[in-house]
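Working notes, beginning with the structure itself.
Naming follows writing order (A, B and C), and every chain is counted from residue 1.
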Amino acid sequence: MNFTGAHILSIQQFDRGDIQRIFAVADSMEPYALRHKVTRVLEGAILGNMFFEPSTRTRVSFGSAFNLLGGNVRETTGFESTSITKGESLFDTARVLSGYSDVICMRHPHSGSVAEFAEGSRVPVINGGDGANEHPTQALLDLYTIRKELHSQGRGIDGLRIAMIGDLKHGRTVHSLCKLLCVFDKIQLTLVSPKELAMPDYIIESLREAGHQVTITDQLTSSISHVDIAYSTRIQEERFASKEEADLYRGRFRLNQTIYTEFCEPNTVIMHPLPRDSRPEANELDNDLNANPNLAIFRQTDNGVLVRMALFALVLDVADQVDKYSRDVNWYNSLRSK
Amino acid sequence: MNFTGAHILSIQQFDRGDIQRIFAVADSMEPYALRHKVTRVLEGAILGNMFFEPSTRTRVSFGSAFNLLGGNVRETTGFESTSITKGESLFDTARVLSGYSDVICMRHPHSGSVAEFAEGSRVPVINGGDGANEHPTQALLDLYTIRKELHSQGRGIDGLRIAMIGDLKHGRTVHSLCKLLCVFDKIQLTLVSPKELAMPDYIIESLREAGHQVTITDQLTSSISHVDIAYSTRIQEERFASKEEADLYRGRFRLNQTIYTEFCEPNTVIMHPLPRDSRPEANELDNDLNANPNLAIFRQTDNGVLVRMALFALVLDVADQVDKYSRDVNWYNSLRSK
Amino acid sequence: MNFTGAHILSIQQFDRGDIQRIFAVADSMEPYALRHKVTRVLEGAILGNMFFEPSTRTRVSFGSAFNLLGGNVRETTGFESTSITKGESLFDTARVLSGYSDVICMRHPHSGSVAEFAEGSRVPVINGGDGANEHPTQALLDLYTIRKELHSQGRGIDGLRIAMIGDLKHGRTVHSLCKLLCVFDKIQLTLVSPKELAMPDYIIESLREAGHQVTITDQLTSSISHVDIAYSTRIQEERFASKEEADLYRGRFRLNQTIYTEFCEPNTVIMHPLPRDSRPEANELDNDLNANPNLAIFRQTDNGVLVRMALFALVLDVADQVDKYSRDVNWYNSLRSK
């Protein structure tokens, strides 16, 4: 695709070459995200960070990514205005707000709303999550993390062995990640969930049509013993038909250091879209994994800044100018010092 | 008036020369708002964008206008603090907040509150709307739009023929626009509303004292047949004494392309303060007007950025320095490309 | 202490030399806060202004201080996200958010939360107030104000005579100020409160251990007759056991110009942490003191910007570079003109 001036609405827009282009630009952003260097390439540009649904970390991640490129951020953090409740169309809202910025990031609770908004916008719109529909930057940062973690082991995404664990029925992030994986080759996926919360059939079919090998199970320990990536997601109790059903699965999808040591290969990377529920009764990742160097959950969120910087740079066509406007950082850098 | 360091509280402050000065500076801001050029003239300056009442588009418009001049924006989006509920006076609030910025834009639900706030402020205050009282930048952007639309037809504001349509009793924007028109010559106004929602007498008197010709009617189609501008506003059902009364008028003030084609002159410009209610039962502007090149409603909001940039530049006395601190834009510009 | 890269969590971290260092840097920030000069020393740096509890003025003060040094601000203004309610630990929240900025200012309703957050953060964290526990920048700006007011009278903090008035039991600011005063010499403190709202014993003991002279009273007028500083705080009615008890003290801790003239020395400086309750029934500072040049309450909030600029400059190790990146202000400066 031609990124310049394009809306980024769905991962379905990207082919393999597009993804590689995004990731290459994300790689080039690392010196700026790690505060070794500062760039002013977007000095004077404005991001309209339009969050019509609260999401602190996604909002701040987009905003910081734009600041790191030298731009300014104007934003909204909820349905503060009554314009939409007064019957204003998303087309009108978009047309008006797009007069205030050079690019818009939008999050909205309704599926399809961001695409509808983009039709009215005069500037590029990046989807920051529209209900159950899409959250393309989350899927990209997940895949970028997989690529980076495997790269440090001398490998690529083709041939990846991954287990996805938890609520695979409702998890927007695992759905999107599966769709992205379809443009790569020879992936082995193990889908680990309670039967009631299984991955939708249409996604499994897409994976198999792409030539991937899919195994379905509700057993955690056996499924994580030969994988490169263990991608855990939250299971909410209220998703089950009854409390008895939920109790039946309690703790069976929880990963901790003891299980990791006993069942995983030594380099298996642990991922999670966050937030992780750290309460004892949660079905997720134990805090005792924090000392495990293969716990990549925070590298995921850090990578989100790189991926979002890359998308801004591509859409506004400054990817090749970033270094030209750069200089060394002159303040104390905690990240460099650790 | 001397703009430097002045508060902008009311359109009553401006004489004809002041308005011309604001509009001339607004014109000079166009290359920056259209992203042909970037200026850093206010680099290091801070706008305190104090919205004690939600209004996303006005807030973002002010903030973006300040960013476009190179300045930073700190803001609040509602009565988040309990300081005022704890009995703090507006004087104290103003004195404290004015220590944090170079200029303040304030919106507040209470009539007169912004003027009271300005008394305590050590920096210039711009009224972003204080209840039913004033919203001077809205009135200025409306008049600026009229001037610009007519200018492209080779004409000026003197001699203007305008129809104002809808709820003329409660509409703050049409009241302010009428007051602004009083400093110009030979305006023909047609005021179209249900009798219950007629323009207040004191405004009609001011218009007539200014030598303008005022016609009052509740018939839409005849009133829009010989005007340069058809300025439509919302009628809220709850303004009527009864549902029967509201039903009586239902649809009678709605403008659509069929009516436009049949009754308007070919160059009649359609305006609206927005948001427009796009639901089918609304008494406003139809979406089928979106393809009409004379629909100026989005040019209005775009012009709002120019007018707000002009006010900041005048109040902070940098109108003559804007170009000196400018350079060409180095990123992809959607607006330039369309 | 070594400020570079340090968390600023508590006033207990500072010895006398540290306080002097902070104040010296704060002094050097004055030309920037008064808008005589602009500095870009932190251009490209990002402050994460994380307010998990509303506090407009503290939030805006931190944000403006960072802008005045040339940096950008990303922020949150409340528990908008449900991540924490979904069971996310403060460690996780901190680790994620600290990937988005160079320094974090955090406010949170729970005592001890900011220190817990700091453990997970990869960048320096400044405490913007954590419940009843600490609000170190408020204590520093209070002491900085005392120093500055006395300095203009040719004196220092050692030997200070100060009356603290109001609710000394619950007032976080007076507790912190007392702790800070313990590193200075020969202070005379008069603690004026209803008996039910007396200063906690452990603080009185610390003051006496530091060699200070402490007098306890519930009589306002006699206690303010020989002091350099009269520091007034709010008494909330609901703090009393009964309405009768509250009525007993009504108006007895209120300072106005008549009382000031009759009982105070001519140079006694009046302070208050703000907001001040300006309603007639309030137990605080009368508006008739606004014309009194010794009313320092607004100089306090102005000084807050200087102190916060100093902390940012110290923690990010740019205190010595501020002038190098500076230039003269090119816009109209209200503060300079008054």
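The working rule: a contact is a pair of C-beta atoms (placed from the backbone, for glycine too) under 8 Å apart; a residue touches a chain by one contact, two chains touch by 3 or more.
This one's a predicted model, so the numbers in the text were calculated from it and none came from an experiment.
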Topology of the chain contact graph, where touching chains are joined (line, ring, star, complete, other): complete
Interface residue overlap between copies chain B and chain C, same or different (over half shared): different
Gap in Å, rounded to a whole number, between the CA centres of chain C and chain B: 40
Two or more partner chains touched - positions in chain A: 72, 77
Footprint of chain A on chain B - complex, ascending: 35, 38-40, 54-57, 59-61, 63-64, 67-68, 70, 72-73, 77-78, 234, 274-279, 282, 287, 290, 298, 301-302, 305, 329-335, 337-338
In the complex, chain B residues that touch chain C: 4-5, 41-46, 48, 72, 74, 76-77, 80-84, 86-89, 91-93, 95-97, 99-102, 122-124, 315-318, 321
